[in-house]
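Please read the structure below before turning to the comments.
A, B, C, D and E label the chains in the order they appear, each numbered from 1.
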Amino acid sequence: MGAFSAADTQAFLLTLRLAATVTLLLLAIGMPIAWWLAHSRSWPSRVAGAVVALPLVLPPTVLGFYLLLLLGPNGWIGKMMASMHLDTLPFTFKGLVVASMLYSLPFVVQPLQGTFEAIGRRSLEVASTLGAGPLDRFLSVIVPMSWPGIVAAAVLGFAHTIGEFGVVMMIGGNRPGETRVMSIAIYDHFEAGEFAQANTLALSLVVVSFAALLAMYLLRRKAKA
Amino acid sequence: MSAANDGLRAALSIRRGALSLDLDIALPAHGVTVLFGASGSGKTSCLRAIAGLEHSPGTVTFKDACWQDDARGLFVPTYQRRVGYVFQESSLFDHLTVAGNLDYGFRRAGRPSSIDAARWIDDFGVRPLLARRVAALSGGERQRVAIVRALMANPRLLLLDEPLSALDGSAKTRLLAELERLRTTLPIPLIYVSHSVEEVARLADHLVLLDGGRVVAQGPLQQTLARIDLPCALIETLGSVVEGKVSALHRNDNLMELAFAGGTLCLPHAEETVGQTLRCRIDARDVVIARDRATASSALNQIHCEVVAVIAADHPAQCLVQLDAHGTRLLARITWHSWHALGLAPGDAVWAQVKAVALGS
Amino acid sequence: QTKISVAAAADLHGVLDRIIETYNSEHPGVQIDVVYGSSGNLTTQIEQGAPFDVFFSADSDFPERLVRNGKAVGKPLQYAEGHIVLWSASMDLKGVTVQQLTQPRFTRIAIANPAHAPYGKRSEQALRAAGVWDAVQPKIVMGENIAQTAQFIRSGNAQIGFVAESFARSPEAKGSYVVVPTSMYQPLKQSFVLTQHGANAALAKDFMAYVQGSKARAVFVQYGFYVPEIAAPVH
Amino acid sequence: MSAANDGLRAALSIRRGALSLDLDIALPAHGVTVLFGASGSGKTSCLRAIAGLEHSPGTVTFKDACWQDDARGLFVPTYQRRVGYVFQESSLFDHLTVAGNLDYGFRRAGRPSSIDAARWIDDFGVRPLLARRVAALSGGERQRVAIVRALMANPRLLLLDEPLSALDGSAKTRLLAELERLRTTLPIPLIYVSHSVEEVARLADHLVLLDGGRVVAQGPLQQTLARIDLPCALIETLGSVVEGKVSALHRNDNLMELAFAGGTLCLPHAEETVGQTLRCRIDARDVVIARDRATASSALNQIHCEVVAVIAADHPAQCLVQLDAHGTRLLARITWHSWHALGLAPGDAVWAQVKAVALGS
Amino acid sequence: MGAFSAADTQAFLLTLRLAATVTLLLLAIGMPIAWWLAHSRSWPSRVAGAVVALPLVLPPTVLGFYLLLLLGPNGWIGKMMASMHLDTLPFTFKGLVVASMLYSLPFVVQPLQGTFEAIGRRSLEVASTLGAGPLDRFLSVIVPMSWPGIVAAAVLGFAHTIGEFGVVMMIGGNRPGETRVMSIAIYDHFEAGEFAQANTLALSLVVVSFAALLAMYLLRRKAKA
């Protein structure tokens, strides 16, 4: 086992920060999407379901490459941002957040959708008769009732963001403290033939992810029991 | 109906799958209206439309408020109608305790001081349950909590959809007694859906009969029961209801006497007190008709009546005889054989015999 | 034997394809498959038994590592010398020097990762020689290999960066470049080696000989490489 | 019990959650055994243990086969026991058509020629349903298919767990009639779980009563019904069953006469023919006791009986009087007031009056 | 849009072959695993649930690298295989199959587990009383009843295998006709600056995956309705 260098510690903390940010943002935008997918039977919602699932199946490097072009100064999003006097996103932490959100979206939306489907309309109807309006119902009924699903979504989104490599490699630029996350650091160690450091780092990553997953599984079983 | 102006008026055209129900009802602003009909007759659909949980074309007004008027594109959402709703099956929030469930609507109603929450909690025996998780409640307890929860949300109209149907014997009996008590004290109108004649007899002030996709009759209870133009199966199911005052107790025999215009009924006594108003349902099949007063028989109740009418029952061997005992209608199911053997005809004076045990609720 | 497999550093994209084309035209019926990647990664794969017959590295260190491990036979031979240039897809770089990279108009400078990419190490040397290594740190963005670094520049996400001269001179390359004086860094002795897997492949040896021959050397020069014993290309 | 040797014998100690049931039953090799008990008394648990779906400690033998003997570590899995099982709620395979469901067990039984599948399919009216998807069946149709499916699997023992409980009125009536027909023709023993007295009366040859976690009585139907040592609630619920032969039809009045040792009962006639054996259940609350034969009354049936015994009923005002009519036991529920007023005592000769309409099934 | 070269066609077909092989094998081993996870409440099954999910969160390059070390001539699996006179797996089609199976395992197991959880024990009990033994019950009840879940598992496994890049890059070796799958071919085109070809190939990949996903979504909705 190699030692944990200062640079590695920085990568570790950066990764946690990235995963936490992405998870929170994804929960916020994933819930309405998942609710729509769970309860609409319209054509657009079915297509949207497949679109949301698309990052599951795209090679991350491909996704990363197109993002690099799209978000760069010559891409249309990049141009739009420039016209709004915003910095372009590649090579920045913000850029990683955006790319990771895209990449991890299905991992958050799908468990949410699953629990939302399991909440019947009945509980919402009851809340209506007790005087709760739409937003109130969401906060006081849907959120607490789908707690296990929300935890699952958060854990999967978090763990998956921690593990992503291809997208980050393509648009990150390996900047210490900004975009040099753990998966990149591990790969660098491999390439440099520093297997001991690579192992240490990979192990710490696995431990964090596995702990998160295990917690989720135990929780899920409890909810079922 | 004059009640229409200050109560609920609903004219709805409900179409759901196989169901096609044209509803036009006007309910009084006070008391209990029972919506009665067979399974599948559309009772639940009707209640849901009134609550605004379903949008069927038509109009709904309640007192001074218009809840739905499709001509004007008006549809007030459920949460603004202030209707309490107790669902057919239990519908408590699993993620809250009993106290949390009760408070849900109470808080949203602004915890008004006009609501005597403590009384309801005690009346329905919910107090010992307050700290429990919902999953640890029995069926009867769940429904009691659901009812108190609905009441505490300070509704202007309370809707109950067969609150007893999922309960077994003793839980049903107990909750029915509690509802009977509620009936006399509730300041708001209540619509109660049921297909149980017992519940009709004990709770209804006003009756709406649904059959074959339409309202076949509606009106005050006794008037509606007396109608002989209804389908015979319905008449027979409904039986007769005697309302009177407890006039005497025979504690030795655990019996009591119920005095009504047509005479006195003797029936098992539980905890009733003298002077109390009581209703008693008499099943048509429990009534024997005799020309003469019987002696030395275990049939305790013999009431002098006049034969009003006879109609065919659903079994070809039988008929339904409508009797009048000084204004109270009684119904007897007998065989045509007996009808002819006794030589009965409308206008005849007869004795209706009813066993006291048949009246034990 | 009519088929061999070659592993090659990412900066050989294009040039090696062209050389194989000319080799094929002289030796019809043979097939040479090329796999491009980062030299470090390819070395690891060969160590783990990847069935490559010849390995074209971007430097001489990785082939030597293979020889030391017994995964390659013979001595690594230099086939070309790799030089770095400063390249931009959008700016005119006429007269720009490495020292000027501290100027604010260059917000992002792309280099290959010096930790393991040969071209990255040379870029670092040049920046250190210019005395600006520390000053430009905040602007540095790193690619995993030289091809990915070129990608950053080509897409405009980095205004400028260090790449192999072959990238800046490739027919598809837009923009302009300036050479970095070889006094500022040690040019790469790009070497190749016969792997153990290819030790008995006559075709591999024949192809290696061809690569050292004059026709192949001319192609290298044409693509922006320097070849020992041949005059440097005119700029 | 001699039947034990060639029928089913089960000695099991069933513990499931709150349930603690010590079962020791011996059932005959022929006819219908009804397992009767209140909801929660463990009937389903018992049936599941017999089928091998649950493993409770004990022994189970059926005819020549030992299905379970924990002392020997023997436990034959369900699929090797050849028991047909009809579950309480519908349990058809959704992914198969009706025909596919029926064939599932039939094929696995080797499609034996001894099974007259066509007859059962016709008897239970399943033929028109064969091509249907399961989702398109009504509750009654589903249970009929489940029964035929179980029969076609060529079982050695058929278990039915309240097959009618999920059905509504008319579907229940129809299927019960079909089961009554099946009862007379089935070559294998049948265990039928129920908490409906009507089903007991119509189907049982043999009765096992479960109460409070144990078997309180078991034996042939009439013997078991006559026992006065059982809890009064149980006795009362069971009522009495008269078995006799149709002796005359009065087509004009749609009535028929049922002759039994104690006399004749007059009851509504449907499709019965003269000479047919018929059972008729009489509810204790429908029986009036009189000293004298009544005249000019619509109560058609008057049977001369002897008072055998009296026990307190569950309501303090009432008692249960056991009567004997030439060997057939009858049960009457009357008030203690009447018991005293009529000066009744065991050994007295009385008239039991029953309205014909009370006997309409 | 660039043309589809012979090499690209080869990569396309190889990718389909790989995805099909992996999907079939994963369904075969995924079903018993998913059944166990769905119906056991034991401690080991919960841990196994988290282990199966682990590939979801590991950076594919890390996974690939360890596989390379493990399966290579010096790894213990590689040594074991050598002692059994089998070729080592890295850089072969078989190796890709093994690695892809590991990588896509959770995508197959999780939907299967979901449907299996939804099948109550009742249907199996019914089958028992009708004379069906354990294997018979599996084939005649479980498989047909969980059809939508099996389709979902197959589609996700298939699409995810098509899209994988990191693992293949590490242990594939980019050999035409053997291990040069589409995601690698696309990346090569990117690196070589051949954007037209890259776009064509990426588009065909997205179309195939999206069609598979969309089919699954439409099917799932139908099953629910």
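Some observations on this one:
Please note the rule applied: a residue touches a chain if its C-beta (ideal position, glycine included) is under 8 Å from a C-beta of that chain, and two chains touch if they have at least 3 such contacts.
As the structure is a computational prediction, the values presented were derived from the model and not from experiment.
Using the contact threshold fixed earlier, the set of chains in contact with both subunit C and subunit D is E.
Common neighbours of subunit A and subunit D, by the contact definition above: B, E.
Put simply, the chain farthest from subunit E by mean CA position is B. Between the CA-based centres of subunit D and subunit E the separation comes to 56 Å, rounded to the whole angstrom. Look at where the CA atoms of subunit A average out and do the same for subunit E: the two points lie 22 Å apart.
Once the centre of each chain is set as its mean CA position, subunit A and subunit C turn out to be 36 Å apart. Centre-to-centre separation of subunit B and subunit E, using mean CA positions: 61 Å. The set of subunit E residues that touch two or more partner chains comprises 190. For subunit C, the set of residues that touch two or more other chains comprises 41, 44, 148, 151. Looking at subunit D, one finds that none of its residues touch two or more other chains.
Contact between chains, as defined at the top, is found for A-B, A-C, A-E, B-D, C-E, D-E. Residues 51-53, 77-79, 82-85, 87, 91, 93-96, 104-105, 108-109, 149-150, 153 of subunit B are the ones touching subunit A in the complex.
For subunit C in complex with subunit A, the residues that touch the partner chain are 38, 40-41, 44, 65, 108, 110, 113, 115-117, 140-144, 148, 151-152, 155-158. Considering their complex, residues 68-69, 72-74, 78, 88, 90-91, 169-170, 173-176, 188, 190-193 of subunit E touch subunit C. Residue ranges on subunit C touching subunit E, taken from their complex, read 5, 10, 13-14, 33, 35-37, 41, 44-45, 47-52, 145, 147-148, 150-151, 154, 170, 172-173.
Contact residues on subunit A toward subunit E in their complex (touch as defined above): 41, 46-47, 49-51, 53-54, 56-62, 65-66, 107, 114, 156, 159-160, 162-166, 183, 186-187, 190, 198, 202, 205-206, 209-210, 212-214, 216-218, 221, 225.
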